[in-house]
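For clarity, chains are labelled A, B, C and D in written order, and residue numbers in each chain start from 1.
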Amino acid sequence: MKSIVSAQKAISMIKDGASVMIGGFLECGAPDMLIDELVKQNKKNLTMISNDTTYPDADKGRLIVNKQIKKLITSHIGTNPETGKQMHAGELDVELVPMGTLIEKIRAKGTGLGGVLTPTGVGTVLEENKETMNIDGKKFIFEKPLGADFALIYGTKVDKYGNVSFYGTTRNLNTVMATAADTVIVQADELVECLDPNEVVIPGLFVDYIVVKENN
Amino acid sequence: MKSIVSAQKAISMIKDGASVMIGGFLECGAPDMLIDELVKQNKKNLTMISNDTTYPDADKGRLIVNKQIKKLITSHIGTNPETGKQMHAGELDVELVPMGTLIEKIRAKGTGLGGVLTPTGVGTVLEENKETMNIDGKKFIFEKPLGADFALIYGTKVDKYGNVSFYGTTRNLNTVMATAADTVIVQADELVECLDPNEVVIPGLFVDYIVVKENN
Amino acid sequence: MELTAQKSIEKEIKSSLVTDPISHSHKELTKEQIREIVAKRAAKEFREGDVVTLGIGLPTAVANYVPENMHVIFQSENGLLGVGKDQKGNIDKRVINAGGGYVEARQGACFYDSQMAFTMMRGGHIDATVLGALQVDSDGSLASWMIPGKMVPGMGGSMDLVVGAKKVIVAMEHTSKGQIKIVEKCTLPLTAFREVNMIITERCVFEVENDGLVLKEINPMFSVDDIKASTGADFRICDNLKAMC
Amino acid sequence: MELTAQKSIEKEIKSSLVTDPISHSHKELTKEQIREIVAKRAAKEFREGDVVTLGIGLPTAVANYVPENMHVIFQSENGLLGVGKDQKGNIDKRVINAGGGYVEARQGACFYDSQMAFTMMRGGHIDATVLGALQVDSDGSLASWMIPGKMVPGMGGSMDLVVGAKKVIVAMEHTSKGQIKIVEKCTLPLTAFREVNMIITERCVFEVENDGLVLKEINPMFSVDDIKASTGADFRICDNLKAMC
């Protein structure tokens, strides 16, 4: 049985300066309540790892607007003008990584591999300052694993054993992030007693804390 | 809509000397009917990629006993004495790969990566004749991607769009093999009109042919 | 999301590029006409059963021109194989496309996570992709994700997609705000090196071959000289040059 | 499946190894007694909520000795988190453990594919593993998957498991058919280099520390001299040596 806690308590574990992975593709499948609490508790100097920075008034985007992020590792910032503005002003350190590479870096950490050898970005500026490897005449970029202190993820249904299932396109990066952080907090749309074992997408062993949306 | 064919027709596409990935962990989740047909059609000089060689009288094991396999890439042969016998007699070329590495090699092929950097086997005989890479002071073995001409996989429920879902522990290597072969043939316990899109484990685009168990 | 910020970027391309001599002539088409010509033509590249990933903007419109009796499956990098129409009525925010639009899942669709999405995309399982460009060059290299010091939306999934898709089709306006986009060598940072197979604009269709661009089709509204004047790269004219339709 | 062929292998170890001087003495225990002593002791290493992967054979028996009020979750590499009891009655062949046995899935269990299984195992998400050995040495290196030229069952998932698990416990008979198994340096091909944290036998408990083996507990049936005589590696005796129970 996993600890079921309030958003307030879950987020209070995060210290200023921590690295935090946050799930969601734009607003879809983002743990909005956990992010709101992160804004409320005003944690500072965070490293945020996320697919994107959504919009200025939405979940992850608010962390940018509220200047809580010191370093951002992401694949796309075009939907939130504030991110580009802070980056160009030198206030925010942004590392742009192709989406597929970002996912594999996180997966490499979660699955215990030494890194990723990807063809993505070969022949582009991304190759600069990276190690490359020639394999059977084709060039690949080496990328290191990427983990974090915390992962804040979303689940449509979560059971008391920490098993998570999803509806629709809400899975996105939530699944891989669950494997790559020291502490994983899942925001559940719905808490159930026990999921059908065939339905589970994230096995319970990856989840440390459950925050239930309706309880907050 | 995918082609629904007989086992006879599906297996007739496989030529002597082809490389074939076969799903299943021991007998669980193995496409037994497709394998039986492979025995019946007596395809020869095959390269088989599989988790194990089960037992002498069961699915993949029968291919060994019937001497249809020239080269075997697998993680475990201890359950089938015939495999070891043929290996020691020099009749069968066996490449033993740790299970996790085997899976990642297949995944690397399916997901378009240049290879795998694994800590598994470092400091053992597996390191011999392999490239290694030091990453932040830790040693990793480099392994190349592994694909095949055909993948013969199992699915509990398959829909007409090729989407596959599973019951119990039948998933095993079926999922990753579906991504790494030129032609993927799935044996369906049950053919359904359309699966719930949230239930699908192997997306339909990976499947080329469906063989339905009850039809044969 | 590959090209979400395309429009804002295009506003920024003002400097250093060659001007299109015919964009302000009588041959100018409206945005809507251009969109229709390009999308219609791009849709003809699909074959029965193809799995296709579309970029945001003009490429999204390509889905509207697939013949009714042809089955083309649209894939979206955020985890949906079988993208359907835009949702109407009660919106379910749990089903979106890569641009953040609320869409339906078609019969036979499935949902999956980002790992699986990029196994499809980088792994060579997508038959064709149609996307826009800031610049595309005679080597088939593509620039679409940033203008240094100005606009940097990020590459999103575009770099993986272009590297992995079996066929890469750039579908765009031939020039943008009067600036030339088809060039000898991209000057903007690349999205991918030598991955584009075909360029479709309102004026013509180029295929990218080993020796450079080949003009395969031309919109009868334009002359070969018009194409030459509005294209920044040399090209060979196909022996069997056809009218674009 | 890590150790499926363990027994057949052990038959093959006949040559070149030092003989256990006490295995045929009055101190000999039955196989069943050994199994119980070792499994009982190994089960004490688990903590509330631990996720544990057990090898085949003796290690499987460890599950029987977990206290009723403690929640330990057993993981099986073939895709089951929450391995339950053996199936009785109508057998469902679609739910097995790594040894091919038909098992139940416990309340709260889940099924997954092999990629996920090895993400758990190699990725450091398994709290403890208990497995057997042909040899284990004072460096914490382990040999368990082959005897060159004789028996080569293969490593299965054992190499990944031993590299990845947070705590690696070897649970075995102290000697096998009178041959010594705890050695200074393994002579058989390794399963993993320096990954074992603890060795539990019917005679004693060793921890593997940086300077070698440390005898932490001893079965009162045996003397330290017995242990010395039946162990092929030097070891340090813990200041606070306890009776094994």
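The working rule: a residue touches a chain if its C-beta (ideal position, glycine included) is under 8 Å from a C-beta of that chain, and two chains touch if they have at least 3 such contacts.
Note that the structure is predicted; figures quoted are calculated from it, not measured.
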Any idea whether B-C or B-D has more C-beta pairs in contact? B-D
When the centre of a chain is set as the mean of its C-alpha atoms, what distance in Å lies between subunit B and subunit C? 37
Which integer distance in Å separates the CA centroid of subunit B from that of subunit D? 29
How many angstrom lie between the centres of subunit A and subunit B, each centre taken as the mean Cα position? 32
Distance in whole angstrom between the CA centres of subunit C and subunit D is 57
Touching two or more other chains, which residues of subunit D qualify? 105, 111-112, 115, 118, 122, 163-164
Per-residue overlap in subunit A, given as positions that touch at least 2 other chains: 104, 107, 111-113, 118-119, 166-168, 198
Which chains touch, pair by pair? A-B, A-C, A-D, B-C, B-D
Counting only contacts in the complex, subunit B reaches subunit A at residues 104, 111-119, 133, 135-136, 138, 140, 144, 165-168, 198-199
Given the complex, residues on subunit B that touch subunit C span 1, 107, 109-113, 159-161, 163, 179, 194-195, 197-198, 200, 203-206
What residues of subunit C sit close enough to touch subunit A in their complex? 1, 4-5, 8, 76-80, 92-96, 98, 100, 105, 111-115, 118, 121-122, 141, 149, 151-160, 163-164, 189-194
Residue ranges of subunit B in contact with subunit D within the complex: 25-29, 51-52, 74-79, 84, 87-88, 94, 96, 98-101, 103-104, 107, 118-126, 156, 166-176, 201
Mind listing the subunit C positions that touch subunit B in their complex? 51, 71, 73, 75, 81-82, 105, 107-112, 115-116, 118-120, 122-125, 163-164
